[in-house]
Amino acid sequence: MKFIKKQIPLAIVMVTGLLMVASYYIPHKYSVDYVELMNKWENIVSAFAFLLGLVSLFYSHYGKIKRKADGWGYSLFVYIGFLAMVVPAMMTDGRQMVDGQVTSLGWSFRYIYNALSSTMFAVLAFYIVSTAYRSFRIKSRQAFVLFVAAFVLILGKVPLGQMIWDSLLGWTGQGVADIIEWIMQVPAVAGKRGIMIGIAIGAIVTSLKIIFGIEKQYMGKD
Amino acid sequence: MTKNKIKALIILLLTAGPVLAVAGGKAAPGTIDGFTAVDMPYDAGASVLLKWPVGPSDSADASYVVYGSSLAEGGWRKGEEFVATAKTCKDINLPFWAWDSGEAQHALKVELNTLFGDIPPGTPLKFKAQLLRKGSVEAESPAVDAASKSNWFRLDRLNNLLFLLVMIVIFFWAVSHAKRKGLFIRRIAGLDAIDEAIGRATEMGKPIFYVPGIGTMSSISTIASAFILGEVSKKVAQYDSDIKIPHYDPIVMTVCKEIVKQSYLEAGRPDSYREDMNFFVSADQFSYAASVDGMISREKPAACFFMGYFMAESLLLAEVGAASGAIQIAGTDIESQLPFFFTACDYTLIGEELYAAGAYLSKEPMLVSALKVQDFGKLVVMASVSLGIVLVSLGTKLHWDFFVRVILNLFKAY
Amino acid sequence: MKETLQKFFKMDRRWIFLVLAVVLFVPIMRPLGLPNKTISRDARNAFDYVDALKPGAFLLLSLDYDPSTRPELHPQAVAVIRHAFKKNLRIGVVTYIAGSTGLIEQIFETVPKDYGKVYGTDYVIFPYMANAAAVMTQMSSDFYGIYDKERNGKPVRDMPVMQGIKNYRDMALVVNITGTSILDWWVAFVGDKYNVPVVGGCTAISQPGYGPYLQTKQLKGLIGGMKGAAEYESLVKEPGKGTSGIDALNLAHLLVLALILTSNIILLIIKHL
Amino acid sequence: MSETWMIAGGWMAAGLTIFLFSFLYRDNPFFKAAEHLYLGAGMGWWFQVYLFNIWKPKVWEPLLSGDFFVLIPAVLGLSLVTQFIPRISWISRYGFTFMMGYGAGLAIPATLSTDFMSQIAGAIQPFTALATMTPMMIFNSLVVAGGTICVLFYFFFSVEHKGAVKKISNIGIYFLMIYFGAAFGNTVMARFSLLYGRFDDLYTFSGANYFYASQILLIALVAYFILHSFLGGKKTEEEEPAH
């Protein structure tokens, strides 16, 4: 049983992984054919991974309704929202436009999903101003450098800020837009590149651990 | 099929036209000597390499045209046309160990798909080239047979393969070494604060919040976070303080439950362990953040740890923690969220420091050895960049072109 | 004095929310009329690269953003598509984010009509696919191995827009507009691996992170955030939502700076009183 | 789509937007309903996209036409779902390991080339044009290369950070701070852009052609809050909402 439960999955990860690595160095047609097959399979397997999210969402809200937990009534809205997308999709065969006319599916996207999803993230703008006020602390020299860079970018990215800069610091002969370009192209590149190289090596090591079956926490416990 | 035939016929007529016209003219065209057509090396068999020597009559007012023909169809198809001074071996983008990039030869890579459509490797083909000046053919090469083939190795990617092999060797060396004896890891500033934070919590009799973020068990930061949690909860058990771990992902929660339980066991206080230390909150990013925020502002914990994978919710969490007066220690590898943690928290583990913290605290051989490989990689980068700059500057100054090319090719991706 | 400051410092944050709402909403009703004037190097490079393509060249457009980042990325996408249509390029649209299918539909409902472009001849929209990396790799050898049909199930192989296209070698450029790390994948799994030029469009958040790729030309150009959209719009000379957006952001940006400074000064004073 | 539908859409969108924003004032039932609706609608949208773009054309239709090869990935994919059933959750490993193997194998050489080798090359490359560079360009290229090395020193864990190493790694921190500062500044812009997008929509829906949807819904919500606080609405424990 251990063989089926553990060895075979570990063999799968090793074989697919090593062959994928090899395909980078082997241009032969056999290698291309193999990669093509894997591509098609991978695309389909990933499509089913979506079911994980779906099942867990439905399951947790079904549980709430069943237990009549606090605020269980709201959980009904999860199902209503789901149906508000899926029912029109079934009626229209998944098409948002037919002969230049928006279908009910297109309508649901535009006025329900679009409004909800974009507002959820728009709310963050409010929190960023309150964070700026309540928890942006210039408490050290490092934080001060961070603040200066942020200050220049926030100011210089909008026309009004550029005008203020020009009227106050115009005598320096440096436009704020030039300074932003410099920050983005010189020190920020150095900072990011250092992080990037470190992360890249980390990712390669982790991938090697996965392929060789050393890292297997994603498989869960026995 | 018929469509193809008609197409071929039209092409035949079109290309035959000028040839006939020239043939009817006065001067017979000369020949291009040394014209060769071979399989393009290091590819899957989708292209053919044409080469011929640069001639004395190649000038900017003349141009070369190449033609290809498949035996199945017959007739010449017109390929690329280019200025006669262009396209030498130098323009083919291959490294010095796989390609001789002299300027004495014209070299042209013909993509078979563009010229013939879908044909399998190995199809017998013919190629020729013409030198045109002012619309008339000045010279023509003999037609040469060629066939592409599928190759077995990308010699141009040899540098990449060598880097990888070195890394694998170092990796396995470190893994076997780490098991034998501990390897050194430097002190990490934020970690010293853990004791302070837990001590404070014990004094105040208030709980500690440990927020592992919204990652799944496959992200490195979550894995690192789980290891750190192990150490933190061990200390919590020793000090007899209280810890709360709200979760976003059910699988991470199961893993964390095991880890905390184990820590309490190791600290010798299995009786103090409770199942509800780890609890599931929500699998939606914002509901999760909102609920955790609510708990933090109600319970006013002594310390908050934000370790793991965080996205937009980082600013919601850090702000509430700061406002409630808790000691905050954060760590994530998501760069766009680090500014929020850095400005609002007392200590922040930046990027790889988070991974290192996991290794530092747990002394887990696997983590430590991975860290060693990463350090080795960084050492390679630091050495290559500093040496590379010196050598390239020197080489450029002294016009050692091949030397500069060798250095650049070593790090170039093909 | 100290107490007043302390009180002011601890004020209900809903007042700050209200100020932001006003500062951002008023310019929408009454535009300030301060258009974006500067153009960054990366946006110009992106524009120049597209501008230099020959008419009829094939541009693969990967639009991977959903409504949550729409205000930043939608104007970028519209501007690039307008530019491509003006230059008579052929466009193939792919996506790896499920939420973007509806937004793609919205763009192509109106934009092609302005240029008299026809579906199937000048542009084509492919269905959503689940695994970006796998599909990107697939397109290097055989495009039709994964995209044999367009989004409504019609076969694409014989469409005029796909004439002569088999894999990346037949495409002139890949443009990817996204709020996710899919742009990194385009660079690593396509741009570098198969030698394909890649131009990106991203949210302002991820923009600073692409500096290294831009310096090495692994990315040929980058449109960053709403500012980038405004820049591209002014380069194409088609002002849209990006241009009007920048105008509205003016005051809000200054508000943030004022808040950071105020709170830190207050704290400084409290400490020294 | 008829005009009536468009107006109805405007009311729907304006209402949902305002409900979600209402949380900024205080938690309330309208927000909760809209939030749950968002979860469901997101799933619903993805579900139909997967259904009509992948499951139907890539799995179902090939099966009907006798291509049983697609059963392999389909079964591997379905195996993932067994995760929810503890007794047989090991079956899901087959799907996971396949995905992990593919992903890791694809990433290793590509990461090595893009984020490792090319970045080293990117630091060195500018110096090949030494002859034509202005002093400023040379300075910038040196800053990029030197800054990268300092940052790497900061992330170097094998030596204790003291003396010269500490100095270098301290310089590295400042490069990181500038980068984070740039990220912070840009994040501010990004978040405001999103809010602008919503406000812009609300402004559209406030027009006469939508029968003033935004204003009416906003007033209605304010009225609810006022009524709620007058009529027996329990006083919340805290001054501020828990969020």
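For clarity, chains are labelled A, B, C and D in written order, and residue numbers in each chain start from 1.
Here, a residue touches a chain if its C-beta (ideal position, glycine included) is under 8 Å from a C-beta of that chain, and two chains touch if they have at least 3 such contacts.
No experiment lies behind these values; they were computed from the predicted model shown.
Engineer: Return the chains common to the contact lists of chain C and chain D.
Structural biologist: A, B
Engineer: In terms of CA centroid distance, which chain is the most far removed from chain D?
Structural biologist: So the farthest one, by centre of C-alpha atoms, is B.
Engineer: Quick check: more C-beta contact pairs at A-B or at B-C?
Structural biologist: Looking at A-B and B-C side by side, A-B shows more C-beta contacts.
Engineer: What is the distance, in whole Å, between the centres of chain A and chain C, each centre taken as the mean of its C-alpha atoms?
Structural biologist: The answer is 15 Å.
Engineer: Would you mind pulling out the distance in Å between where the CA atoms of chain B average out and where those of chain C do?
Structural biologist: Chain B and chain C have C-alpha centres separated by 22 Å.
Engineer: Using the average of all C-alpha atoms in each chain as its centre, how far is it in Å between chain B and chain D?
Structural biologist: Averaging C-alpha atoms per chain gives centres 21 Å apart.
Engineer: Can you pull out the residues of chain A that are in contact with at least two other chains?
Structural biologist: In chain A, the residues touching two or more other chains are 21, 24-25, 32, 38, 40, 42-47, 49-50, 53, 56-57, 102, 106, 109-110, 113-115, 117-118, 120-121, 123-126, 128, 130, 132, 134, 136-137, 142-143, 146-147, 150-151, 154, 157, 184-185, 188-189, 192-193, 195-199, 201, 203-204, 206, 208, 218, 220.
Engineer: Which chain B residues touch at least two other chains?
Structural biologist: Touching at least two other chains: 44, 157, 160, 164, 167, 218, 251, 286, 316, 335-336, 339-340, 342-343, 351-352, 377-378, 381, 413.
Engineer: Two or more other chains touching the same residue: where does that happen in chain D?
Structural biologist: Expected reply: 24, 35, 39, 42, 45-46, 49-50, 52-54, 83, 100, 102-103, 106-116, 118-119, 121-123, 125, 144-145, 148-149, 152, 155, 176-177, 179-184, 186-189, 192, 194-195, 197-198, 240.
Engineer: Please give the residue numbers of chain B that touch chain A in the complex, ascending.
Structural biologist: Going through chain B, the ones touching chain A are 42-45, 121, 150-154, 157, 160-161, 164, 167-168, 171, 175, 216-218, 220, 223, 226, 250-251, 254-255, 258, 283, 286, 312, 315-316, 318-319, 322-323, 333, 335, 339-340, 342-344, 351-352, 355, 366, 370, 373-374, 377-378, 381.
Engineer: Along chain D, where are the residues that touch chain A in the complex?
Structural biologist: Per the touch definition, chain D meets chain A at residues 1, 5, 8-10, 12-14, 16-17, 20-21, 23-24, 29, 32-55, 58-59, 70, 72-74, 76-78, 80-81, 83-84, 89-90, 92-112, 114-116, 119, 122-123, 140, 143-152, 154-155, 172-182, 184-189, 191-192, 194-195, 197-198, 201.
Engineer: Give the list of chain D residues in touch with chain B in this complex.
Structural biologist: Touching chain B: residues 35, 39, 83, 100, 108-109, 112-114, 116-121, 123-125, 127-131, 142, 145, 148-149, 152-153, 155-161, 176-177, 179-181, 183-184, 187, 238, 240, 242-243 of chain D.
Engineer: Give the list of chain C residues in touch with chain B in this complex.
Structural biologist: Answer in residue numbers: 141, 164, 166-167, 169-170, 192, 195, 205-206, 209.
Engineer: In the complex, go through chain A and note every residue touching chain B.
Structural biologist: 21, 24-32, 53, 56-57, 60, 120-121, 123-124, 127-128, 130-131, 134-137, 142-143, 146-147, 150, 192, 195, 197-199, 201-206, 208-209, 214-215, 217-218, 220-221
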